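One chain, chain A, appears in both complexes that follow, with chain B as partner in the first and chain C in the second.
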Partner chain A sequence: MRKVAMVGAGMTKFVRRALETPKELSYEAAKTTLDSCGLSLDDVDCVAHGTAPDAFDGIHQNGEYMACGSGGWNKPTMRVFVGGATGVHAIAHGWYHVASGLFDTCLVVCEEKMSSAMPHAQGFFLTIFDSITERPLQPNLLWIFALEMNRYMERYGYTKEDMALAAVNNKRNGLKHPASQFTDEVTVDDVVNSEMMAYPVSRLDVSPVSDGAAAVLLAAEPVARRLTDKPVWIEGVGWTLDTAYWATRDLSYPRYLDKAARMAYDMAGIREPHKQIDIAEPYDPFDYKALHHLEGLQLSPRGKTVELLRDGHFAMDGNMPMCPSGGLLGVGNPIAAAGTMKACELFWQLRGEAGERQVPGNPRLGVAQAWGDLMQVSSVVVAGI
Partner chain B sequence: MAILERITRNIDNRYWDPGTKAFPVKNRYTAGVAGQWFFEELKENGKIYGSRCEDCAVTYVPARIYCERCFKRLEKEKDWLDVGTEGEIHSFTAVHRTKTGEEKEEPSLVAAVKIADGLLIHRLAGVKPEQVEIGMKVKAEFKPKDERQGGIEDIKHFKPL
Partner chain C sequence: MKEKVQVSGGTGLSAKDVSSGKIFVTDDSLDCAYAWDTGVAVNRYLAELKNGRIIATECRKCKRIMLPPRLFCELCYVPSNNWVYVQDTGVINTFSICHVHWDASRIGEGEKPHLPAVIEIDGASEGMGIMHLLNEVEPDQIKIGMKVKAVWKPEAERTGSINDIKYFKPIE
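The block that comes next holds the complex of A and B.
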């Protein structure tokens, strides 16, 4: 397989309600990405794009619909969608296109426009559950995250205040991100005292509903070296599925991620990720998930994550900054685009181009992760310079 | 549906309907940056706009904000143009059945109307199915201005010239 690098990245602002159509959002992210590395659409050999459920954009077979906005006109174009994991999965998918030798360049574009769903995108989640055993109980995502969060807290004796620390950390980082949809810092008290949604989940434990798009350009080694002095190499990719009987999963430990992370680290030749990884972008739709996922990513011992967080280990100036972008909690959560935004962050951080939110000490190796489908799929990408 | 009408506060809706136990969700679409301009011109001025990429020598109808062939940004001030309200029938069909399968009293006509390099799909009126021909020149007939809502149905139909 050939070495593959990210050579360009770009994204739209994440907002609650964009005027742009899904096609136009995709165009803005894709165009910015091409401009970032001085390429034109002619230089793109193929397109790998992703959106999560069709229902959010409200366009059945959304992949075909948004292909022209993603640069897919008259090009080999292929969509992946694995719910929330789509944004990182699409990187693995694009990596394949280039690593295989089939194409020299691949434009990866992920988009989500959740504001089309009225009154709220949660309504569409009802249909992802088992129609016989679960749907009559009217479940939604907040419920089932609440079950998981409760179990995670119970196992290690964590409190809501502990979990809120992750929200405070990520939201603070996000304030420095020019594409963030937030303007205010929050405190642990703000999070704990925000409106109770489904115990133990309060409103500020949760990332928002967003519209947005993000993209990266992947290139094979010789092309990447011609294009830039600082290619950001895709060192490893991994993805796995746990059982679709989601309630029978281990709720306190993300096994679906354990194997995906190990797959990516093996490919990257990483033996001690907790020592070798410089920056981590764990998927954080909820604050506890950031911590839960750090454990699944083998970046923190199980049950010790809050202690490390309190000690500043995951702070911007700590040993392993967590979500320097701000993550979904700090930038926003247009589902598929959020994962790709994390890959963009690795690109900017590892090249030293993250501006105000640049992690000090020249980080050389980073990991980004996303999670989704029926809460049982995870995708991981390891990038290095 | 009018494109300018929006519910901006989720709280204005009730999520779960206690009677039916349903969580009714529907999609409400934004027309987009291009769509907003395009439909405002349709509604306010009765004009059909296209956007032209000089590099690719293509005029898109309805107008877009980018060229899908080369990704050039098509600016409203520079690259948008009034393409008139006339076109030619590129293809057509006569629909004989309703969507539930009953035979219609009169078949209804639908055409792909070529305007510049784009196609608008719309109804045809003022002509019998047996008289329609590919290549026939047609013209858009608009609703009166006070009935226009900023949607594709602000054009009532196309009619032969």
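The block that comes next holds the complex of A and C.
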């Protein structure tokens, strides 16, 4: 396999409702990415793009409809389609296009426009539940997260205040991200006292619905070295699926992620991720998920994550900053684009280009992760400089 | 420190941009209808629910007694066609108290919150839960680990559905 690097990155602002269409959002992110490394579409050999559920847009076979926004015209183009895991999965997907030797460059573009779905995008998640044994109970998407969060908290004796610490950390980091849809800092009290939606989930435990897109350009080693003196290498990728019978799993531990993380670390030759990784971008649609995922990523011992968080281990100046981008809680959560935004963050952080929110100490190795569907799919990318 | 974060587009709209007519919006609404055949394994599960009983299947290899029943064990990928009756009691594995409807609208004044739970059914393998609802309990009294029992619809009202169990309620 050939070495593959990220050589460019770009994104749109994440906003509650965007003027741009999904195609236009994709174009903005992709074009900015190409501009960032001085390339044009002619230099792109293939396209890996992602947008999560067709139902948000109400357009059947949305991927093909969207493709030209991602630069897919007259090129080998493939869509990745694994819900929330899409944004990082698309990087893995683009990686093997190039690593295989088939293509020298791959433009990876992920987009989501959630605001078109009326009255609220949440309603369209109902159809992920089992159509016969679960949907007749009229479930709602929040249930599944509330059930998982409650089990996780119960298992280790964590409190709502403990979980809120992750929201506070990520939202604080996100205020320094130029694409963030937020302007206000929050405190633990703000989170805990925000509207109770589905115990134990309060409103500020949750990332917002957003519109947006993000992209990276991948290149094979010789091309990457020609384009930049600071390629950010894709050191490892991993992805796995767990069973869709989610209620029969141990909800306190993300097994779906354990294997994906080990796959990526093995490829990267990482034996002690908790010591070797400098920056972590765990997927954080909910505050508890950031912590749950740090455990699945083998970056924190099970049940010790809150202790480490309180000790500052995951702070910007700690040993392993968590979500320096701000994550989904601090930047926004346009589903597929959110995971790619995390890969963009590794790109900027490892090159020392993150400006005000630059992690100190010249970080050299980072991991980004995304997760989706019935708490089922996880995708992981390890990047290094 | 220099910042080279590349951001372009993502022009935020306000509600007023839309209501004032400055931004044109095209509406549509999709009405999709389906009739799902319930399949080999779940069909029998539903038939037994109609009889007021819960039935599971056992994997021939790992011996997991699984709910909902399945034609094959997805872990071992071998048939799981040994049918086993389990109890209509269980333990709350986890629960929520939900104040929001499916479309994100809030439950009304005087309306009860939804009480979904994962219930580990007695007689099935450890950790083998199903999602269902709780009732006949004050929300603040619900605890993980609480014993519960199914409350069935009257026989004449059962239709071969997961809703033939109205809900689970705590037992001492």
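Everything below uses one rule, namely that the second predicted complex is superposed on the first by the 385 of 385 C-alpha atoms of A that agree within 3 Å, B and C clash if a C-alpha of one lies under 4 Å from a C-alpha of the other, contacts with A are read in each partner's own complex, and residues count from 1 in each chain.
The definition used in the following text is that contacts are C-beta pairs under 8 Å (C-beta built on N, C-alpha and C of every residue); 3 or more make two chains touch, one makes a residue touch a chain.
This structure is a prediction, so every number in the text was calculated from the model and none was measured.
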| item | value |
| --- | --- |
| Partner chain(s) touched by A:Leu41 [first = chain B, second = chain C, both, neither] | first |
| First, second, both or neither for A:Leu126, with chain B first and chain C second | both |
| Which of chain B and chain C A:Arg351 touches, first, second, both or neither | second |
| Contacts of A:Pro178 with chain B and chain C, given as first, second, both or neither | second |
| Which of chain B and chain C A:Gly58 touches, first, second, both or neither | both |
| Partner chain(s) touched by A:Gln138 [first = chain B, second = chain C, both, neither] | both |
| Dominant toucher of chain A (residue count), chain B or chain C | C |
| Touching partner for A:Ala30 - first (chain B), second (chain C), both, neither | first |
| Interface residues of chain A shared between complexes with chain B and chain C | 17-20, 24, 27, 31, 58, 119-120, 122-123, 126, 138 |
| Touching residues on chain B, where the partner in the complex is chain A | 6-8, 10, 12-13, 15-16, 21, 23-36, 65-66, 68-71, 73 |
| Touch list for chain A against partner chain C, complex | 8-20, 24-25, 27-29, 31-33, 35-36, 58, 119-120, 122-123, 126, 130-134, 136-143, 146-148, 150-151, 154, 177-179, 181, 195-201, 211-213, 243, 245, 247-251, 344, 348, 351-356, 358 |
| List of chain C residues in touch with chain A within their complex | 1-13, 17-18, 23, 28, 30, 34, 36, 38-39, 42, 45-46, 66-68, 70, 74-75, 93-105, 114, 116-118, 127-133, 139, 144, 161-163 |
| Chain A - residues contacting chain B, complex | 17-21, 23-24, 27, 30-31, 34, 40-42, 55, 57-58, 68-69, 71, 73-74, 115-124, 126, 138 |
